[in-house]
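Next come two complexes built around subunit A: one with subunit B, the other with subunit C.
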Partner chain A sequence: MTTPLVLLPSDEVPRDYLPANNSNPLRLGPGLRILSQPSSKSADSKHVLTATQAGLLTTDAKKNTVSLLSFPNRRYIPTVNDFVIAQIHHSSADFFHCMVSPHTAHALLGQLSFEGASKKTRPMLKQGELVYARVLSVGVGAGAEVELTCVSPSTGKAEGGMGPLAGGMVFDVSTGMAARLIRANNPSAEIDEIEGLVILAELDKKLDPFGGFELAVGRNGKVWVNCSDSEENTVKATVAIGRCLQETDQKNLHPHDQKKLVSKVLREMKLT
Partner chain B sequence: MIGPTASLSHLHRADGSASYKCPATGYNILGAVNAPVELPGRRDALKPEEATVEVFVKPGTTTAGVGERYVEGLLRSVLGKVVLGREKGFPRRGVVLTLAIVGGENIERGDSYLTVFPALLHAGLLSMISASVPLSMTFSATLLGVTKSGDIVRDPSPAAAKAAVSLHVFAISSKNHLLLNESEGRFDFDTWELARQNAVTICQGSSKGSDGDVNMEEEKNASGNGFIRETVEDQIYSDYVYKLDSI
Partner chain C sequence: MKGQPLPEATASLFTANPPRTPIGPGTGPTPLPMRSIRPPSAEPPKKVAKFAAPRGEGTAKMSKEAQLSIAERDFILEALRENVRVDGRQPNEFRPVDISFGEEYGHVKLQLGKTSLVVRISAEVTKPRDERPFDGLFNINLELTSMGSPAWENGRSNDLEASATNTLDRVIRHSNALDTESLCIIKGVSCWSIRADVHVLDYDGNLTDAACIAIMTGLQHFRRPDAVVKDGRVIVYGVEERVPVALNITHKPLSITFHTFNESKNVIMDASLKEEQASEGDLIIGLNSAGELCYVSKMEGGPVDPMLIVNQVSKAWEKAKELNIVIESVLRADLTKRAKAGMADESRAENDRLMATE
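Entry: the complex of A and B
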C-alpha cells in the first residue's frame, strides 16, 4: 500500500494508485469522474480520472474499484440497493410516503412491497412508524422519485431483516458512521476488518446478561436499537447503546476510548 | 504576516460547515451548507437539469441590506459555476449556503463590501467541500488595495481599504485560471495588470525562482490554494484516523 492520498476537487488520480487488475473493468465510486482531454498532437484523446469532492482515495484490488471517502457528516443521497431506515409520513392508495432524509422529497414504498403481502394481508403502517427498507430505484432524470422496497425483487423474501421495525428506538448518527458500521459488520468481507470499531463487540459482551440487543443500521444515518429484557432494563440498555454510538461518532473515539466509554455509560445507567 | 485560520465540519446539524478567520482584515466568517435539499416553490423551473445555488449573507449585528444582496449575487454566480449541479441527486434540488459574519468590523452603509468578500468566498468554498458538494475545481481569493502612492497592499484593513484609491478582488482557480475579478475605484489597466500578477502569486504561490525542494513546499502552503488544501487534508486525516492507523 502506498501512502494515503487526499484529493481535492479537480485533482487527478495518479496512475500508480489505481489497482493493477485488468481482468474486469475499473469501477468508479462516488466522488470521481472520468474526463477526456483532447490532445493536440494525436487524434485520440487522453482519459483522466478527476475528483469532484474532497476525500481519501481508497482502492479495492479484488473488485477493481476506486472511490473517495468523503466527509462523514455529509447528506445521504439515495443509491440503489442501500439499506435505509425510513419513517412513514403518510399513506395513500398505493404507496406509503416515507421520510429518508430531512428537507428532501418523500420516498415511495409500495403498499404491497412487503414479504407475503397481498391486498388483504398488507401491513397497516401508521404515521411515524419505521421500516427497514432497500432503495429499489432512484428514477431517471431530474427530480425523479425515490422508490423503496421491503422485499428482494428477485426472491420475494425479506432478506437482511427488511420490514417494519416494531418497538425499539432510532438514533441519528453521521452517514459516515453508518457506512462504517455496515462495513465493519459485513459478513462477506474476507479479512476481519473492524474499521476501528470495537464498540459493538464490547456492548455485546457487557449486555449479554441483560438479554442482548438488536441493531439495524440505515445508510441514511439512522441506527435502530431494540433490547428484549425486562421493561426497565430495556429502556436503560437502549439509551446506553444509542449514547455510546453517538458519542463515538461525534468525538471520533479511538478503540481504546470506546471501551472506556462503554464502561462509563453502563456504570452511569447501573447496568453492570 | 499571520496567515488565516480555518476549521471544517464543526456544526453538527448542517451537512457541511466551515469557519474562516482572516487576521489581516479581522473578519471571522461562519458558513453552513445544506445540499441537496428540496427548495420551497419551483424556483428552478428555468434550468430543471441543474441544481440551484442559494447564498445568504448575514451580518453580525444588523439585518442584511443592499451590500449583502450585492455580495450574495456575486457569490451565487461564482459558486454556481463551480458546483457540478448535474451530478447524481442534485438536479432540481437546492444547494443552500448561509454565511454569517461573526467577527470583524461592521460594514457601514456605503462602505465597500469588497473587503469582506475574499473571506466570504473562502468560507463558502470550505463549507461546500465539507458538505461533499461536487465541485469542478477549488479556488482561492485575495483582496488587494492600491494606495495613493501606487503601492499594492495585500489584505488591507478596513481603515486602509477606505483610504485606498482602488480595491481589487481576484479569485484564482486551482488550475491557475482567473475565476473572478471585482474592482472598485479609479485605476488604469497597468495597475490592474500588476494587481492581477500579484494575486496569482498570492493564490498560487510562486512556481519560479526558488531552487530547494523544501522551500518550494513551504511556499506552496503559504499560498491561498495551498492553505485550502492543507485545511481540507488535516480534517480528512483526523476524520479517517482509524483507517490510516491500520495501513
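Entry: the complex of A and C
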C-alpha cells in the first residue's frame, strides 16, 4: 500500500503508482490526460499521464482505473460517463434541453434516449423536472454540445437508476463531495481509507426504522434525496440527510465527527 | 479590388450579402494567422473555445437567476407547511453572521451563511452641494458583478441591484443614520464625502440585510482623517499625524427581510436563495434598536394581512436588537485588538481631538 499522492496540474503520474494489472487497458478518470512526449533519440514516443487538476491520485486495481480525486469545487466540467442530475429547461422536436449546471450552455438529452422509449411512449417532461442521466459525449471545439442519455448505450437499459426523478429534494454539494459520495457507494478497502466517508452508511443505519431513503448523486454537485416511504417523517428525514451531507462537505468532517453530526442532526429533527 | 469603388451593381450585391462585406482586404487580418501561432497538438485552445461558447450563446439568460426545479419548489413549500426549513433553521433565525475587519478602518467582511460581501468605507474632501451648504455627502454604492454570481453580468444592472440599492438608501441614508451635518468643514466650500462600497463575493440570498449589517458595521468602525480650518484654509492631517475621527452615527437602523409562502401562512426571515426563489412575496422592514421604524416595503408578490405586518415588525425589532448587539461585540473586540497592537491612541480619537482644539 503506497501513501496517498497529491498531484498538481501538469504533474506526471509516477509509473509505480499505476495499477499493475495489464490484462485490461488502463482507464483514466476525470482530471487526467495522456500526453505523448516525442523523444529525440528514438522514433517511438513516450506516453505520460499528466494531471490537469490538482487532486489526490486514486487507483483501483480490480477495474484497472486510475483517477484524480479533486478537491471540493463548485464548478462542474462535464466528462463522458459521469452521472449527473439535470434539470429540463425546455424541449424541442428531438431533444430536451437540460441545465447541468446553471448559466452554462444547455446539454441535450434525446427525447428517445430513455429506457423503452419510442415515439409514442417517450416521457413528456416539463420545464423544471429533473432527470438522472449520464454524459454521453462532450464534443470537441467551439460550440460543442454536451449530450446526455438516460439509457446505457450498450444494453439499452436504464442502469443505475437513470431516468426522470419524481418528488424528493435536491441538495447542492461541491463536485468533490459528489465524487466522494459516488465512490463511497462502491467501496473497496483501499479507497475507503482515503475517503473516510461514513455518512451515508451511518444515515442508512439510523434512518432505516423510518423507512429508509433513496439517493441519487450527480457529479455536477447535486444530490437528490427521496424519503417518500417515511410517511409522516418524509420532510424531516429529507432535510436531515441534506443537512448532514452539506455540513460534512463544508466542514470536511472526519469519519468520527460525521457520526456525531448524524446523531446531532437527527436529534434536532426529532428523528430518534 | 474591394478597396476601390465598385460598379453600382456589384456594390449592391455585396451589401445584400452581409457576411461577406466585412471580409475585405482593409478589414484586418483573418483569424487564421493567429491560430497558426498555437502549437497544433496542444489541448488548451480547444478548452478555451469550449468555455467561450456558452457565454456567447446564453447571454439573454445570463442576467437571470437559474430557475428552481419543480421538485425543489414543491419540497420547500411542503416542508414549510410542516414548519421545517430546508437548512433546519427556525422561521425567525438568521444564518450565522460572521463579521471580520481588514487592516484599515471601515473595511468589513461579512459572511451570512454562504452570502459573503466586503464593504469599504472611504472619505474624501469635496465641495458640498449648493442647495445644502451645511451638509456633507454620503453615498452607498452597490454594484453586482459577475464575481458574486454567474447570474449577474458586469455593467448591466438588474432588478436585484436596483431594489437592494433603493432599500439601503432608504434604510441607512434617508433615515440619517450618518449625521451628514457633522461632515461639514467650511460652509459651502468643503465637506467630507463618505462613500460606502459594497462588493458582493458570493450570493446565497438576503443580499439587502447582509449589506445593511455590513455598512452599519463599517460606518461605526470607520475613522476619517482629522481636518482643521486655519485662516480659512483646510488642513487635513494624515492618519499618522493625528488620531483619526470616528463618524457621528445618530442611530443604528437595520433592514430585516421576510419572505412569505403558502398564501402568507408561512413567513420566514433571512431566506436563502432557493427559499427566495420559491417564495410568493417579500416584506422588508427597516428599524433601529429603539424600535423606530424607518422603512417598510411590500414591493411585490402576494398580498399579506395588515396584522401580519404588525406582528413581523415586532419580530424584526427583536432581530435588529440582537444583530446590533452582535455588531457592537465584534466592534469592541476589534478595538481591543487594535489597542493591544499599540494603537491605543487611535481608539481614543474623541479625547485627542478635544485636546487638539483647545
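For this structure, a couple of remarks:
Assume the second predicted complex is superposed on the first by the 190 of 272 C-alpha atoms of A that agree within 3 Å, B and C clash if a C-alpha of one lies under 4 Å from a C-alpha of the other, contacts with A are read in each partner's own complex, and residues count from 1 in each chain.
The rule is simple: a residue touches a chain if its C-beta (ideal position, glycine included) is under 8 Å from a C-beta of that chain, and two chains touch if they have at least 3 such contacts.
Treat the numbers as computed from the prediction; the structure is a model and nothing was measured.
In the superposed model, A:I182 makes contact with neither subunit B nor subunit C.
In the superposition on chain A, A:L28 makes contact with neither subunit B nor subunit C. Touch criterion met: A:V6 reaches subunit B, while subunit C stays clear of it.
In the overlay built on the shared chain, the residue A:M269 is in contact with subunit C alone; subunit B does not reach it. In the superposed model, A:A201 makes contact with neither subunit B nor subunit C. Contacts of A:L112 after superposition: neither subunit B nor subunit C is touched. In the superposition on chain A, A:L18 makes contact with neither subunit B nor subunit C. Shared interface residues of subunit A, touching subunit B in one complex and subunit C in the other, are 103-105, 141-143.
Every residue of subunit A that touches subunit C in the complex is listed here, in rising order: 33, 87, 89, 99, 102-106, 126-130, 139-144, 165-170, 224, 235-236, 238-240, 242-243, 246, 265, 268-269.
Interface of subunit B with subunit A (complex): residues 8-9, 12, 14-16, 34-38, 48-49, 84, 87-89, 91-93, 129-138, 173-175, 228-229, 232-233, 235-247.
Considering their complex, residues 1, 4, 6, 8-11, 30-31, 52-56, 58, 69-75, 77-79, 103-105, 138, 141-143, 176, 193, 195-197, 250, 252, 254-255 of subunit A touch subunit B.
Only residues 43, 46, 49-50, 52-54, 57-58, 61-62, 65-75, 78-79, 82, 84-88, 150-151 of subunit C touch subunit A when the two sit together in their complex.
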